Amino acid sequence: MSANSIGKNLTLTSFGESHGPFIGSVLDGFPAGMLIDLKALQHQLNRRRPGQSALTTSRTEKDSVQIISGVFEGKTLGTPITFLIPNLDQKPQDYEALKTIYRPGHADALWDLKMGHRDYRGGGRSSARITAGWVAAGALAEQFLSQYQMGPIKVCAWVQQIHTIQAHIPNLVSREEIDKSPVRCPDLEKSSEMESAILEAKENGDSLGGTIRVRISGVPAGTGEPVFRKLQAQISQYMLNLNAVKGIYFGDDSHAHERFGSENNDSWISENGKIGTETNRSGGIIGGMATGADITFELYFKPTSTIKKEQTTINHLGESVTLSSEGRHDPCVLPRAVPIVESLSALAIMDLLLDPVSRL
Amino acid sequence: MSANSIGKNLTLTSFGESHGPFIGSVLDGFPAGMLIDLKALQHQLNRRRPGQSALTTSRTEKDSVQIISGVFEGKTLGTPITFLIPNLDQKPQDYEALKTIYRPGHADALWDLKMGHRDYRGGGRSSARITAGWVAAGALAEQFLSQYQMGPIKVCAWVQQIHTIQAHIPNLVSREEIDKSPVRCPDLEKSSEMESAILEAKENGDSLGGTIRVRISGVPAGTGEPVFRKLQAQISQYMLNLNAVKGIYFGDDSHAHERFGSENNDSWISENGKIGTETNRSGGIIGGMATGADITFELYFKPTSTIKKEQTTINHLGESVTLSSEGRHDPCVLPRAVPIVESLSALAIMDLLLDPVSRL
Amino acid sequence: MSANSIGKNLTLTSFGESHGPFIGSVLDGFPAGMLIDLKALQHQLNRRRPGQSALTTSRTEKDSVQIISGVFEGKTLGTPITFLIPNLDQKPQDYEALKTIYRPGHADALWDLKMGHRDYRGGGRSSARITAGWVAAGALAEQFLSQYQMGPIKVCAWVQQIHTIQAHIPNLVSREEIDKSPVRCPDLEKSSEMESAILEAKENGDSLGGTIRVRISGVPAGTGEPVFRKLQAQISQYMLNLNAVKGIYFGDDSHAHERFGSENNDSWISENGKIGTETNRSGGIIGGMATGADITFELYFKPTSTIKKEQTTINHLGESVTLSSEGRHDPCVLPRAVPIVESLSALAIMDLLLDPVSRL
Amino acid sequence: MSANSIGKNLTLTSFGESHGPFIGSVLDGFPAGMLIDLKALQHQLNRRRPGQSALTTSRTEKDSVQIISGVFEGKTLGTPITFLIPNLDQKPQDYEALKTIYRPGHADALWDLKMGHRDYRGGGRSSARITAGWVAAGALAEQFLSQYQMGPIKVCAWVQQIHTIQAHIPNLVSREEIDKSPVRCPDLEKSSEMESAILEAKENGDSLGGTIRVRISGVPAGTGEPVFRKLQAQISQYMLNLNAVKGIYFGDDSHAHERFGSENNDSWISENGKIGTETNRSGGIIGGMATGADITFELYFKPTSTIKKEQTTINHLGESVTLSSEGRHDPCVLPRAVPIVESLSALAIMDLLLDPVSRL
């Protein structure tokens, strides 16, 4: 498995640099015969797109995706599906000054050390821009999941916390409700507070982090494998490959470690011949396998590393320099990270659903 | 990659059921020519062994490991190294009663659903007993790391929190200091509190969870890959495959998501021609690659699912039953999980160190 | 994927050295719920066993296999199945003299170069003895295939040529007929000639090669993938990992390259709504996928490298030495290679059958 | 590993259909810092290009490749390198008539069976056109090999046999000499005969096969792994994924199976402290590892399946139809297959060279 590919059965290969001609991805292992809803796919890309609101970077990419293989007469062929997204609004001159500067919180220094040769323009391959190719693929996986033979599987993510502002979210919330908030936090009161906090941070040349919660419903009981392909390990592997994610916690809240066993256990029940659990404290996973209940987890995002505030760091010669980033960047990545997290969730789950049969 | 194997270059394949004749593992990709310290290897197994103290299960396995391949005249051959550990103190009759009962917090129901045929004795393949084979392999990886050509790499894990009792741990602590505490928490005052809490929970037929912190020092800057093989994703994939782990958080504490960017960024510095970071809030990883600073993270463990307290659940016919587990189990798995976490850390890091060269 | 593992869905991991305590293998990905026929499994091992006849090495291993994981109450669990075969009749003293000698046609020199440390006893890990672990696994795969849901799949291999003696074999021949010949060549007249040739070579301290033909019937049309997982590439990968195999040729004979296109093409026909080909010159594979017809191919084996005849070579100091191998070895490996080839065929096919669904 | 990817360390992912907008590939794992010779890369593509001579198809693709990622300022970045090649001279109308016909020797019927939905234009994904993306990647691998740190590695392939016409080729021959022949057979006398034979077959609406021989020089001794990653298995896996290849045979000729062991063994020698073999009958591979001598093997190609001669076959309804292919195709694929074979060789070898260190 290459270091730019993920997934055993449904393999996503990512390619491209922030300021090259294109970024994109190849999705292999997708079954043949699915009619593609291009509009829904583009809609998910638009939710990730820069320039959506005052909360996001002013880079204005249309991010219109072209599918150049794997689809014929509107349907998947069972062959690799290649997504191309052109890089249009490039301002490499913004980055010329950064050519030799090692930005705090960024990997420039490590690229130089490891590779010796680096595309310094906009972070090159380390740019979150490359996730547009992931979202295109994930949106397709979502379409597969929504019409899954054993019943529809739905992924939903929202902003739960920005900085120290925590939202209170009812259990069931729709993507439409989430999108009513520019922060993608469906607790609209807290959403306003969060918005103000982000704009204030922006004004101060600073940035904020927070948490995103995810709920995946409809995953059939038994999905995942009991030893080294546990459902939670699969999801974690996908999520921790997203740039600003520092942690993950499975469960209906993030307090399992502080409960007694007798408080934390989900008891098994049976309804109409179908097994399930009475409660869902486990976040829908027991012993590495889906219980059939909603899969729920929380992701911890660090604040954006690129800030306008002056910072001291070094250049490639090891000389001390001061830096104030004037380039385009998000003061808080979480609103735009929501569709990326949904896409990674869909890819991780679909990959497991394609596992070989486990019994005669 | 099979669902019982992990690691691209250094592949650990795990096998065995809790009450079969043996559990064990095969470690492939280990370089030739390393002299094995069997005593150190067995010592790490002893730290994981059941029956160590009043805090652990009373199952008394010696867990003496036999290496049946891959080693000749005391040195590794560059061929697969196979570890065999016999299961001796089996009490399958303890489990006869559980043959048809779906224990809360356990995957019995899901095994029946997914596989149709199940080894119900002691959890079968879902038993944490199989991690003995992981620890044997991980202990060998630790020996490789401790003599790594670019400088020694050391892994150290300890209990940071039990239930709601949080320890205060100085930055540098040794495995010897950790082992002075039966809880494996080197804050001896808090350790006593934790010990009492665990024994009290045991008395009440209940169980506790908590957190383990890990520090890996000496990992060369640049270890890990920038996109889908990020150092944090690799470690998370290994850790979330450990039974009771519900979450992970990278960083010197678990609060990055609540900091401002200007507080959270680690600035680059240069000392004697070697780059590094002034602070280490990132937990030693930036852009998916090691910065050269200590890699630090925290793991969240749920409380043991097996408890003596009476619980209501169902049997394989869907009938409601009450259950009070009399079998042998740990009221809190964290003390014994410490060497498992160290082993998984060592395996995850060594696998990355064996990656192909990244530059001409 | 480790260098001692093969198979994407059904992964065989091989371990062990010729003169270690055990050789064996782990087979992962095998579905749960299959009743194992241990007798049939051992029978296939017996066909590979040394000491069967005057044609084979006099090493007398019983090769009785023990399954130590993955099977419970006689049925597969869907967990890794581990096979252990003890090495009993070891004569390491036979090899003491060879400790520093680089045998012609053997890889001793390359092990020293590559690994620096080598188990010189009986070829160590390069010994064909390790294929006993493959045959155990392959025999299990054959049991799966023989009861495959879409109809039984049968593998049959026989010796087609020894040295320059070519047999004439009717299209349909059974394993029982094949085993009537000590050479495993069902053309009994040619079999006698081959037998004499082998014994004569043995007398002369020399060895012989030849070819084995394989026929796999019942593989469903569409098995295999059209680009980099072609059925013929999968089979070749498995077969060329068998020690003495130098080549492979797919088709009902090995002359496709000398035919005109108009002579070579298999035309499509339809019978009772089932498509197929009128002829089967392609050996049952077109465009990387099974046509539904018998899959047929030929394997070219070099003569055994170990011979009694005096040869000149070097030792580890580069000094010229003469060598006359007195150790136990086969003057011709083909009779014992037949069950190994069958096992590898079964593993290769079953791995493809477990591929994910290719269409909605 | 996806079914359209090959290579463990250097992973080639192929995408595209014959009549889609582009075909191409992504090459991941290529080290950073290599200056790319685009002219040499395009030259190798030109050798594969259709429309070179009267011997090849009249489809006139320029096959000019665009690299859209992984290269910056002319040098590789250590990130995925994506090659795009537009499909220009498409005549889908040629194929409209074939929409429902199952061509003899082609996989149309199997695509319909397996995928249910098929791009019938020019063979879709089964077209040999997609190998242009492999040649681009392979040409880059050749550039890596030619400047390999342990000494240059060179790949050279030529046509050895067309139909029954066998060439006599001196051991050392250059790519320039090979290209003097339109057949790519450097025995110019036989080349003329072959040329006539191909043109005669073309005139008759028929097609021819033959063999290609390959010599790879400079591969360091010890390359390859002794068990399931044998050098010969790696090469075979790559080669048997090439459409018309029916077989492979390693060695300086294809007669090892008919020799005595005493004739066939290569004895070890030592020269200036470097080990090697006196003869090279093995084709440069012993025990799965390179001996340091030239790696040599022969590939057997079936005649082109597409012919003008009338053939009887069926359509998708199972009705009998007669077919005379008027589309553009090669009467013999071998001349154009030469650079493809070289590219696959280079990719297979480079992938092994990037394997982890095998010793401390």
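In this document, chain identifiers A, B, C and D correspond to the written order of the chains, with residue numbering beginning at 1 in each.
In this text, contacts are C-beta pairs under 8 Å (C-beta built on N, C-alpha and C of every residue); 3 or more make two chains touch, one makes a residue touch a chain.
Bear in mind the structure is a predicted one, so any value in this text is a computation, not a measurement.
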{"item": "Fewest hops from chain A to chain C - one hop per pair of touching chains", "value": "1"}
{"item": "Maximum centroid distance from chain C, chain identifier (CA atoms)", "value": "A"}
{"item": "Chain centre separation (chain C, chain D; CA means) in Å", "value": "27"}
{"item": "Chain centre separation in whole Å, for chain D relative to chain A (CA means)", "value": "39"}
{"item": "Set of chain D residues in contact with two or more other chains", "value": "1-5, 8, 14, 29, 32-33, 78-79, 114-117, 125, 226-227, 355, 358-360"}
{"item": "Chain C - residues contacting chain B, complex", "value": "1-5, 8, 11, 13-17, 20-24, 26, 28-29, 32-33, 68-70, 72-73, 75-82, 84, 114-119, 124-125"}
{"item": "Chain B contact footprint on chain D (complex, rising order)", "value": "9, 29, 31-34, 78-79, 226-227, 354-360"}
{"item": "Sites on chain C touched by chain D in the complex", "value": "1-6, 8, 12, 14, 102, 104-107, 109-111, 113-117, 125-126, 130, 161, 163-164, 201, 205-211, 221-222, 225-230, 232-233, 236-241, 243, 245-251, 254, 256-270, 273, 275, 282-283, 286-291, 300-307, 309, 311-314, 318-319, 355, 358-360"}
